[in-house]
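The structure is given below, and queries will be raised subsequently.
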Amino acid sequence: MEEKSMQEIMDKASVLIEALPYIQRFNRKIIVVKYGGSAMVDEELKKSVIQDVTLLKLVGFKPIIVHGGGKEISKWVGKVGMEPEFINGLRKTDAATMEIAEMVLSKVNKSLVQMVEALGVNAIGISGKDGGLLKVEKKYSNGQDIGFVGEITEVNPKILHDLLEKDFLPIVCPVGMDDEFNTYNINADDAACAIARAVNAEKLAFLTDIEGVYLDPDDKSTLISELTVSKAKALIEAGNIGGGMLPKLNNCIDAIDNGVSRVHILDGRIAHCLLLEIFTNKGIGTAILGDKETKFYHE
Amino acid sequence: MEEKSMQEIMDKASVLIEALPYIQRFNRKIIVVKYGGSAMVDEELKKSVIQDVTLLKLVGFKPIIVHGGGKEISKWVGKVGMEPEFINGLRKTDAATMEIAEMVLSKVNKSLVQMVEALGVNAIGISGKDGGLLKVEKKYSNGQDIGFVGEITEVNPKILHDLLEKDFLPIVCPVGMDDEFNTYNINADDAACAIARAVNAEKLAFLTDIEGVYLDPDDKSTLISELTVSKAKALIEAGNIGGGMLPKLNNCIDAIDNGVSRVHILDGRIAHCLLLEIFTNKGIGTAILGDKETKFYHE
Amino acid sequence: MEEKSMQEIMDKASVLIEALPYIQRFNRKIIVVKYGGSAMVDEELKKSVIQDVTLLKLVGFKPIIVHGGGKEISKWVGKVGMEPEFINGLRKTDAATMEIAEMVLSKVNKSLVQMVEALGVNAIGISGKDGGLLKVEKKYSNGQDIGFVGEITEVNPKILHDLLEKDFLPIVCPVGMDDEFNTYNINADDAACAIARAVNAEKLAFLTDIEGVYLDPDDKSTLISELTVSKAKALIEAGNIGGGMLPKLNNCIDAIDNGVSRVHILDGRIAHCLLLEIFTNKGIGTAILGDKETKFYHE
Amino acid sequence: MEEKSMQEIMDKASVLIEALPYIQRFNRKIIVVKYGGSAMVDEELKKSVIQDVTLLKLVGFKPIIVHGGGKEISKWVGKVGMEPEFINGLRKTDAATMEIAEMVLSKVNKSLVQMVEALGVNAIGISGKDGGLLKVEKKYSNGQDIGFVGEITEVNPKILHDLLEKDFLPIVCPVGMDDEFNTYNINADDAACAIARAVNAEKLAFLTDIEGVYLDPDDKSTLISELTVSKAKALIEAGNIGGGMLPKLNNCIDAIDNGVSRVHILDGRIAHCLLLEIFTNKGIGTAILGDKETKFYHE
Amino acid sequence: MEEKSMQEIMDKASVLIEALPYIQRFNRKIIVVKYGGSAMVDEELKKSVIQDVTLLKLVGFKPIIVHGGGKEISKWVGKVGMEPEFINGLRKTDAATMEIAEMVLSKVNKSLVQMVEALGVNAIGISGKDGGLLKVEKKYSNGQDIGFVGEITEVNPKILHDLLEKDFLPIVCPVGMDDEFNTYNINADDAACAIARAVNAEKLAFLTDIEGVYLDPDDKSTLISELTVSKAKALIEAGNIGGGMLPKLNNCIDAIDNGVSRVHILDGRIAHCLLLEIFTNKGIGTAILGDKETKFYHE
Amino acid sequence: MEEKSMQEIMDKASVLIEALPYIQRFNRKIIVVKYGGSAMVDEELKKSVIQDVTLLKLVGFKPIIVHGGGKEISKWVGKVGMEPEFINGLRKTDAATMEIAEMVLSKVNKSLVQMVEALGVNAIGISGKDGGLLKVEKKYSNGQDIGFVGEITEVNPKILHDLLEKDFLPIVCPVGMDDEFNTYNINADDAACAIARAVNAEKLAFLTDIEGVYLDPDDKSTLISELTVSKAKALIEAGNIGGGMLPKLNNCIDAIDNGVSRVHILDGRIAHCLLLEIFTNKGIGTAILGDKETKFYHE
């Protein structure tokens, strides 16, 4: 064998061996992946996310995907010629909009099932209605009715445990029912967080369109690798966290406070970000973890 | 207690007792229900079908619902302003139409889940993509391409057995994938029949918009209660069966030939037709059964 | 179809649908039925009780029958020409009487097994000796020896759980053993109550020869439909309850206090009283329930 | 320790060690014991049989006892002052006699349960009615009706497998039902043989009142230790076997022909005959075995 | 049969019946046997121990053997010409000695497997390294390094429970690993005691070269049959216990204090001492038991 | 992130993704690894083999290691000063040599357990004696007695299935017993092959000291990547295969002929050869496969 190709295959081996302790550590643990943002639009990224999650499944993890509908919902609302109504700058989800939202989310859901099945792994696409997974109550915006937007009040994880036991990869879209069994749209980040808590997930990973959390949002060089819950709270109080990151970070803190071991904010624009975070010595993005965890992960 | 009300409750008791041998006979048996036609449009009928299937589940049967999209698909194709293309009088299911069809079928699917969950039974809505349930190949109409219309080539019933074992009521919409994992629409009757065969169902019931099979289609007094497979074949050969009934009857024959014990063509326009057929001494509609079954069912 | 027969089958359907929430509510719950009185003598009533219990079994409940020997024991004691001895007005159960009592109870026991088996359900007849189900100690009447009459000191429910798990309908006759493994007769009401407590039954139903509990025993129009434990205790203290009803009501209170959800005193002279109580909107007889249950059952 | 007591305990050890290969060989195997004759009358022998069977259970065998009613039935028929009717010298089992027979058999059955329970092992007493264990048809004597005497047509061993799985020692009395669910008395030897076949027993042991099979019935020194099926058939053909031994030997041959490995005719008048046969090097009584078994058991 | 041989087989039966309550009492209980001393040298004794343990296994107990290396280790150290180094009178277990010790212990281990397998029982020989069974830390003698001699810090009983569940007889040699996964020798008595505690054994039996514990070590007539923990402690405090018995007795006390029900010090020089202790009315050796056990065992 | 490090982590991801189809393909399949040669001597190689097998275990394969004793046996035979006797150029394995061989093999066995345990995976070291895994008969060399060298006659894989089910990594040393339970040494290649057949392994991999099979043994450029069984037989017939490769290749052919899907001859001198063969697109060494497999593996 030539020296060069010999070196090359040695490099390959070392990557696989590097993954060994992580595979061992997370074996049979549940990992909830919130899938959204650019990674849902770009076909290459889409494929890379599905490959990553499928690999996690095959090496013994128990991944659950929770996804949103991205920009597809708006697109279809337009297609049927509906006029959106706005309240406090938020679009009102009336019954007709909810109907379209559910259709679009189902379509996205089944397209992910399709991609996982094509890689030879058994997937099943469900919504929060199936098996009564997500119970909600109506959510108001400053006291005003914004339609069928739901706040999760209860998660019944039986269906997820059943599907994991039967070796399926569950893919969940964030639709739920209230006590009267009406349909509601749910924020996908909230759904992922509530599910991670209910199934006692080891990890919760958000695929986002940013690199991670910055100490100074205006200075890309201040990306934070690891953040304890108390430090995260301090950053929020100091007003360093703003925009779309604030609710996401609150979700992360909530998850950690409720038994999830570690939450990751990953840059979904990097192919295979999930795999790289989990299987290599150099993590990417920002990891949020409990105050008591003194030994950091990638050491 | 007054005599009249006493008589009334005695009548109630006798109805329940009448159901006893049927409950006993079909206990833990799989029953596939093809749900379609008027019963999908009228709200009262819809409710009665769901109540029936839920009752079957609760008394120990293992029902599986297979449904179509009814007239909803056409409605939504119109809503987004698409111009249908016709081939041999059949609408071509191009990629855009398929996308809408899948969205509509998913919406219907989840609305059925919702109704079953509201009655306190765990339901799960899946399509033929989930768990690789339905594998198809492209179907041609007289050699012409009619788009993404699939013919079932293989049923992988693992997902259904898993869900039944975990005590769910599976609700299936007829969408499948070919070997390249493309999405195809499938005739709901065909899907119900293929699934009934694959899970070795005890019964397959079609909810239709007719009373049953007639000896003379023009004479409503010639409704046939029970029909052996060989008699059904004779009727077909004699040209007595026409229109939409022909493929349905062929499906019935095919199901019986492949191990399903009995197939029912029921009048879905009668509330609780399913319950009445299964639990009372006087069946309704037409039952198709194997030639060897010498003792008729409702005797 | 004629209008009249159409109406008739619609009525049938509505009876079945009316049963749905009750089937759902008690699914997989244990129901102990104390079978005695007229319902053990009249052949028609006997058949109706067995049909009811068999139906309960088939729709997913887990019934257990506990029965006495009725007047058969006295009849057989007479047949063999034995002279009964009385103490405090109670017949003394000497060894010879006990021998006959056990034989008669076994005969009744197997005749019930026979009837259930004839309806196609697996039954098994046991006594409190089998699997050490009922442990007793000698009972005295005002300090006087009344022979082999036992008071239950311990219930070992393993045998019942094993039989229910293996899908049998257990039929129990009230005979037990003391620490020296001698045979004792046990009051059937006491046995039913003790068993209901030990298996944590959802319901305990007594088939009796009265309509239920009356507010004024002399006025048949004062039948009480539902009675909380504290109200029952008040009635007893007020001296409104007398005769054979007093120990029965005390048994009911004891059962509720020990975890049984609801106890029913039913009129066993009405055919299918059990079915009507459980599956229809209008209960019959008197239901005793805990004080905390604020929502009544048949509402 | 004194030499004498030392020798004594060494002897004890050697008895236990001698049992080792037999325990090993029959571990988890089913052994059907037909219990009858003197061993049912003498209290000491009764106790010894129950101790033996209980020991077999404890060391890992799966014994099933099948017993008759001995002379108790005749005694009780007399007690109630019934006049027996005879046909071909056989007492006719009319309905009244059958009733008493069932009562007596049940009494015997429960007394055996009692003795096993007293030794700390879980027993359950059943008849051929329970779980539909023994199906029979009416038996005629030279074409004449002799009443409710049944010939076994089918054994449904589910109940026995269920009880063995749940670690009970089943004790069976030979009563069965015909297709109309009428009660019949069954010859206990026949019942034991049919059950041994149905459960695929390793051994079937008859406790009798003779030493075993003799080559010459008139010469006690011609007791046969082991007998192959073909040799047994030859003895029968040669007319060497007579009286009550003929049907018993035919039963043995039938059992061996149907998969039971070995049948034993033991002298039930010897205390612990069962234990001695199974656990010691020197068998007692006559063993019947298949022709192909070339290596004898106690060598 | 002759009278003499009849008496003989009756005696055999009585020995087996005598064993019945003990078999019943310890059925499915774990018994840890520390095997050492003369019983490992004499071939006859060796065979008797293995027969005993195999019999225990066959009659439903769950024995675990823990053994040392006896004098074999010294023999092999000599064979390879190594010069032993002594510290405080103890031989230092340097790396080379440890290597030989592990080899010898493995050889002994497999020879025991061999003997058990020859008796038809499935055995598996493991060391404390397998499945991480025994974790140790370095032990010092008066602060001085004596090499690879380990003190048990943690027992991981998973491997033993797995093997018992799969019906193997585990045979364990006392070698363990420290946190750095280095190999250490462990005192076999300590290993047996730690394992008995970790698996919650019912009994722990030491095969020794003495008759038991003496009240006065110099007076063989003062052998103690049963000893409560508090009495044992008193004896130690009073200085009555010396030599090799002191650590052994401390181990016994420690085991009882940690949940083992009874510990036996048996005279391994008596053939079948284990069997005789467990299965006969007259125990041998000394039994140590908790203070609360008021009823003695062999009564 | 810098461009260079970005490229680097992308490369890492692509290696992991490259492994995906292989992980999927061999998930839950058994892989027998014959571990020997240089890979047993060099500490780095030893570590790499153990890492590889551990990784296989963690990602869902079921590896079994079979190892020999390498040059350690000869070394220890020398250490104790034994004079080897030779027959036909083969060392005679007399009883004393066998004793040392077993000790050395056990030592090697436990050292491998130790390394696997250190990587956090549960290992268990057994020999062919445990659970009666390997039954042998005496092997002769040209009719001459060469001592305790055994030829495998029967494999009882129960112990391996039990250990795999309980999630252990079994490590087997090639020692077995004959019908008299004497100890024999077995060729490790033969043992690996027999075990692979008995457990129906998907793969059998030999770690050797050569690159693979050559078309022309004298020309290193003629290394064969894939070889069908018939082609392998042809090479043997043509005399192209010689030396130590001949029996190994015969073993490979035998394994394929008996149900093993693929056998690999790998160069154990390359670190991580096992991982590279299984997880990367470019296999190394020679793969032997059945004639019917038309599609090659690494395509």
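A, B, C, D, E and F are the chain letters, set down in written order, and residue numbers restart from 1 in every chain.
Basically, a residue touches a chain if its C-beta (ideal position, glycine included) is under 8 Å from a C-beta of that chain, and two chains touch if they have at least 3 such contacts.
All of these numbers come straight from a predicted model, not from anything done at the bench.
Asker: Which neighbours does chain A have in common with chain E?
Answerer: Joint contacts, listed by label: F.
Asker: Could you state the distance in Å from the CA-based centre of chain D to that of chain F?
Answerer: 55
Asker: Just give me the whole-number Å value for how far the CA centre of chain C lies from that of chain F.
Answerer: Roughly 68 Å separates the two chain centres.
Asker: How many angstrom between the C-alpha centroids of chain F and chain E?
Answerer: 37
Asker: Mind pulling the chain B residues that touch 2 or more other chains?
Answerer: Within chain B, no residue contacts more than one other chain.
Asker: Name the graph shape formed by the protein chains and their touching pairs; answer line, ring, star, complete or other.
Answerer: Basically the chains close up into a ring.
Asker: In which sequence are the chains arranged about the ring, given a start at chain B and a first step to chain C?
Answerer: Order around the closed ring, chain B first, chain C second: B, C, D, E, F, A.
Asker: Within the complex, which stretch of chain B touches chain A?
Answerer: Checking each residue of chain B against chain A gives 79-81, 99, 102-104, 106-107, 109-110, 113-115, 117-118, 122-127, 129-132, 158-159, 162, 165-166, 168, 175, 177, 181, 183.
Asker: Of all residues in chain C, which touch chain B in the complex?
Answerer: That would be residues 9-13, 15-21, 23-24, 27, 48, 51, 54-55, 58-60, 119-121, 271-272, 275-276, 279-280, 282, 284 of chain C.
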